[in-house]
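Here come two complexes built around subunit A, the first alongside subunit B, the second alongside subunit C.
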Partner chain A sequence: MTSGDMMALMPLMILAGGSVLVLLAGAIRPGYYLYEAAIAFVAGALFWTVAVPAEATLPGLAMTPFARFFAVFLDLAGIVALLLSAAYNRRRGIVGEEFPATLLFALAAMGAACAATDLLMLFLALESFTFAFYILVAIERNSARGGEAGLKYLLNGTLSAAILAMGIALLYADRGTLRLAELVPQPGGPALEPLFLVGVCLILLGLAFKLSLVPAHLWTADVYQGAPAPVTALLSTASKGASLAALLLLLPLLAGWQGSHAILWWLALLTMVSGNLAALVQGSIKRMLAWSSVAQMGYAALALVVAPYGGARAAAFYVVVYAAAGLATFGAVAVLSDEVERDGIEEYRGRGYANPLAGAALAVGLFSLAGIPPAAGFMGKFAVFAAALRGGETTLAVAGILTALVSVFFYLKVVVALYMRPAEGEVTNARPLLISEIIALAVPMAATLFLGVYPAPLLDLLMRVLP
Partner chain B sequence: MIVPLEHILILAGLLFFLGMGGLLAWRANLIMMLVCIEVMLNAVMLVFVGGSARWGNADGQLFAIFIMALTSSEVSLALAMVVYLHRRKRTVDTDVFSEMKG
Partner chain C sequence: MLGNYPILTIMVFLPLAGCLLLLPAWRHPAAARPIALGVALLELALTGWLYSSWRGLAVAQTGLPGFFLLEDLPWIEAFGIRYTLGLDGISLLMVMLTAFSFCVALAVSWRAVGKRVGLFLALLLAMESGIMGVFLALDLALFYLFWEVMLIPMFFLIGVWGHGRRIYSTIKFFLFTMAGSLLMLLAIIALHLIYAQQTGIATFALHELLKTRLPAGTQLWLFAAFFLAFAIKFPLFPLHTWLPDAHTDAPTAGSVILAGLLLKTGSYGLIRFGYPLFPEAAQQLTPLFYTLALIGIGYASLVAFAQEDMKRLIAYSSIGHMGYVAIGIAAWQPVALTGSIIQMANHGVTTGALFAMVGMLDERAHTREIASFGGLWGKVPLWSFFFLFFSLASVGLPGLNNFVGEFLVLAGTMKKAPLVAGLAFLGIVLTLIYMVRLVQEVCFQEDRQPLSLVDLDLRELSLLAAVALLVVWMGVHPGPLLDLIHAPVQLLSGGVP
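Let's turn to the complex of A and B:
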């Protein structure tokens, strides 16, 4: 490893080393100052990624513009989640250094997943960050739901890990290599063997779990509801982004096989329809947002169906836009929850006036998820449907637009509760927000509005990153 | 190689689906679900080692060792959660853990 490689890999090393340092420092002097230390590590990694445009190719890892783009995205989401959880965990009495340390570890693993060039590194990175999330989901020891959510996530997650590993094993047994570049089928080469195709299908199924695409989505609602809200914020944004990046890295394996198109087509359609329909009937805001995240990943999958027609860029743009909205909404849920989680949609009546910033963040996030301009969700959906129409997938585009119309109903239901219905009983005075919470709400909200009005810089950047 | 790859794949496939079938059928007991997942992962390791022998490189064996490391950590975490949930409800019956529905 040369010094140039070290320079390029430094962001990952800062995160991984920071995780260990936070864990050790917590053993010597526990306290909430470790959250600030963790934020400093993530900010350092973010700064390094932006300031040092070094590229490196190592066995298993390559720091490409693609990896650096997703590293910046993941670090930003990580900082917002850490800011939210610092205040939230103080209120809820979640103590211990393992929370910031595990979160840093998850960020390092997600960064590695976006930079992988062989299947071993990809598998290890995917499973490492999922493993970190098992811990984060169940971290609240006093909550009965936390343990149940963690166990459900763990059982589903290990099953999907076994399926993913089996897929990789079959590819390896067929071709004798784990490097992605060597596994990509050559155009005009020999026909693909059944072993290879079964392996690819199993890998797709394993990744469908991580992206919570139907039929591997059943864990989503329970885990999102049971986990602490800042963890849900990170789980629904950064881990989805990293899994989508992994899927984008694997897409070349599917080229030249017609069956993969049909699989992705059905995944996208079923996910959009069932996610939006199930979200209609939820009374709990976290469950509603969980089903909505299932539906949103359906739109990202729709973009992947037409990946050769600019769909890959549209999917990456969509996941960034979704992440900003998801951080704003789950962040608002975290801020508005006090000793008990504010979970029922009815409990949000009148909160828009009692707590203006959190109400505004929640409303902007929901507008973005619903795809109403000027929020960024509109631009994201526009990019996805435009790519679908360019690729000739009219049926999917129409289904997507119809389900998006349905989704407006359940998103606006929350906005109506926030602003247009008086609160029951006397309105309790909202506590003043901390600086960290104000930043954590304002950044995703500003990003959502900015990308909705002026998406050109991000689209240009994606043009360069995903040629 | 003395054992042909097909035989290894058949055995691994049997183990894999045995584990998956057990996991889906035996939903009542947490410990049995963990055992079934282990059986599935052992099938995966068998395929990796078989593939390694077919192609004469060590990548597959390396992957199998990493799977061992990963699953042992996953199982230790799962058992920790089982102990914790058992203290709360005095059972390993999964049907009891159904506070969240919808």
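Let's turn to the complex of A and C:
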């Protein structure tokens, strides 16, 4: 490894090393500025990624512009999640160094997933961050729901890991290599072996679990509801972004095989339809947002169906925009929850006035998820549908638009509760927000509005990252 | 002189900037109201200044025939979206109507809105920005953006400050409008892609897309999507069901804006985008358009006759009046189109005034039921006088504004479709019946409930007097307004300006 490679890999090392250091520091001085230290490590990694344009190609890993783009995205989401959880965990009695340390570890693994160049590294990275989330989801030891969520996630997750591993093994058995570049079918080459195709299908299924695409989505609602809100915020944004990046890395493998188009087509359609329909009937805000995130990934999958027609860029743009909205909404849920989690949609009555910033963040996030301008979700949907029509997928585009219309209803239900229904019983005075919470809410909200009005810089950047 | 300043951008964003001015006065209604009204009046002065100088501007060439002012900047190049605003005679008329209606809306809610005043005023100003944008945008994507943005403030206005089943009404309003516009979004993108395929230019600019060559089948589908979006806003029968609920449950200012402006965005969109972009498809659908408009006129009039709630009655009358606008557009003939555009402004002014007056009565009596009133002529003579006046204007009394529009619509349609014009004329008689019944029961019948009411105060009186003067001016001397829209109408309907 040369020093240039070291420079390029430094962000990942900062995160992984930071994770160990935080764990050790916790053993020496429990609870002493651990979150602050963790935030400093992520900020350091973020700064390094932005400021040092070093690129490197190592066995299994390559720091490309693509990897650096997603690293910046993951670090930003990680900082917001840490800011949220610092106060939230204190209120909820989640103490100990394992939380920030595990979160840093998850960020390092997610960063590695976006930089993988062979299937083994991809598998290791994907399973490492999923492993970290097993812990984070169930970290609230006194919560029965958290334990249930952790178990469900673990059982589903191990199954998907097994499927993913099986798929990789089949590809290796067929082609004798794990390197992505060598696995890509050559145009005009020999017909693809059934073994290869089965392997690719299994890998797709494994990733569908991570992205909660139907039919591998059933864990989502329970896990999102049971996990602490800041963890859900990270799980529903950063891990989705990293999994989508992994899928984007794998897409060249599908080239030249018509069947993959049909698979993605049905994944996208089923996910958009069932996610949005199921979200309609939820009474719990976290479950509603969970189903909504299923549906949102359906739109990202729709963009992947037409990946050669600019869909890959649209998917990446969509996931960034979705993440900003997801952080704003789950962040608001975290901030508005005190000792007990505020979960029912009806419990949000009148909170828009009692807690203006959190209410505004929630409302802006919901408008963005619903795809209503000037929130960025509109630009995301615009990009996705433009790509879909360019790729000739009119049926999917119309289905997507109609399901988006359905989604407006359940997003509005929360906005109605926030601003239009009077609070029941006595109105409890909102506690003053901490500075960390203000930043964690204001940044995703501002990003959502900014990207909705002026997405040009991000789109130009994506042009260079995903040529 | 004017070209050096981005006047149109200022017009669009001045109200939004006004929201920032409201921030220091957020918790002080007494200070916030004058600030908001000041911003709206400034906007009105700006449009008045444009109106006074449009003949001078028209001489200058902007590159687009008929447009006095044009502002064009790159915005989202990756999508091919540009920030293009343009002002022609039709836009100017609509923009004046917008600025005027918002002044009315702010004035009528002076006392009526007592809670969360800062937020209320900020939403009104934000909506003014959105509607200004709709009437000025010449890039289809930009137009769509403004089209959607203006919904959010209205959603909150009805939901937070409304009456009755406000939440049901506001969600219904929002979903209906979204249903139409989302399909239009797909159609806009499809049109953009077809044009890019034909010419290699990725653009959403209206003047470019007008040159797209569309096969008949595609054109019909795309026009259908545009038509649905605009017909819901219009609203055409049978897509009108959101309107009575939204108008009735909205606060007075909301009803004024809904009737005065939001409905007009539908007809404006059809005139500016729908018909010019898809002329053959529009021709094909004309019989359907006529039929729906006629059914709307007849049906709305009958239903209006049966209403017990004054506000609901006026809401249904809106559907009927917009039916004439629809017929004039469907005829797509210079005289009828002129009539439609003038009628859009007329209806905005008179119906806005009627909603404002019902709001004033509601503030005093806390009911809008027709059966609760009677003999108001003796009790509140000033109110009754203006109510009678605006009702007469609404039914199209010659010399007042609505007459001009309806006459032109019918005269123009007579040349193209005499049967339609004849049936529409019968509709005017129906309008007369229910409006006369309303005035008769409320103002002249015997006193049915012992209500002690106070007559108009100075604020209300001056507001109504200003609107009434406008009604008379537009009715007696419509020449300047007709001149204003003459050139663009000729260009649109294929004639020579």
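Going forward, the second predicted complex is superposed on the first by the 466 of 467 C-alpha atoms of A that agree within 3 Å, B and C clash if a C-alpha of one lies under 4 Å from a C-alpha of the other, contacts with A are read in each partner's own complex, and residues count from 1 in each chain.
In the analysis below, a contact is a pair of C-beta atoms (placed from the backbone, for glycine too) under 8 Å apart; a residue touches a chain by one contact, two chains touch by 3 or more.
Just so we're clear, the structure is a prediction, and the values are computed from it rather than from any experiment.
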Please indicate which partner A:301 is in contact with in the superposed arrangement: first for subunit B, second for subunit C, both, or neither. neither
- prompt: In the superposed arrangement, does A:67 touch subunit B (first), subunit C (second), both or neither?
  reply: neither
Query: Given the touch rule stated above, what does A:151 touch, subunit B (first), subunit C (second), both, or neither?
result: first
Per the contact definition in the header, classify A:16: touching subunit B only (first), subunit C only (second), both, or neither.
neither
Practice task
Could you say whether A:226 touches subunit B, subunit C, both of them, or neither, answering first, second, both or neither?
Solution key: first
Which partner chains sit in contact with A:398 here, subunit B, subunit C, both or neither? Use first/second/both/neither. second
### Message
Quick check for you: in the superposed arrangement, does A:416 touch first (subunit B), second (subunit C), both or neither?
### Response
second
Seen from subunit C, its contact residues with subunit A in the complex are 75-79, 116, 141, 145, 148-149, 151-152, 155-156, 159-160, 166-167, 170-171, 174-175, 178-179, 182-183, 185-186, 189-190, 192-193
The answer for subunit A against subunit C in the complex is residues 353, 367, 372-374, 378-379, 382-383, 385-386, 389-390, 394, 397-398, 401-402, 404-405, 408-409, 412, 416, 419-421, 454-456, 459-460, 462-463
Subunit B residues touching subunit A in their complex are 5, 9, 12, 16, 19-20, 23, 30, 33, 37, 40-41, 43-44, 47-48, 50-51, 54-55, 57, 59-60, 62-63, 66-67, 70-71, 73-74, 77-78, 81-82, 84-85, 88, 97-100, 102
So, in the complex, the side of subunit A touching subunit B is made of residues 120, 123-124, 127, 131, 134-135, 138, 141, 144-145, 147-152, 154-155, 158-159, 161-162, 165-166, 168-170, 172-174, 176-178, 195, 221-222, 225-226, 281-284, 287
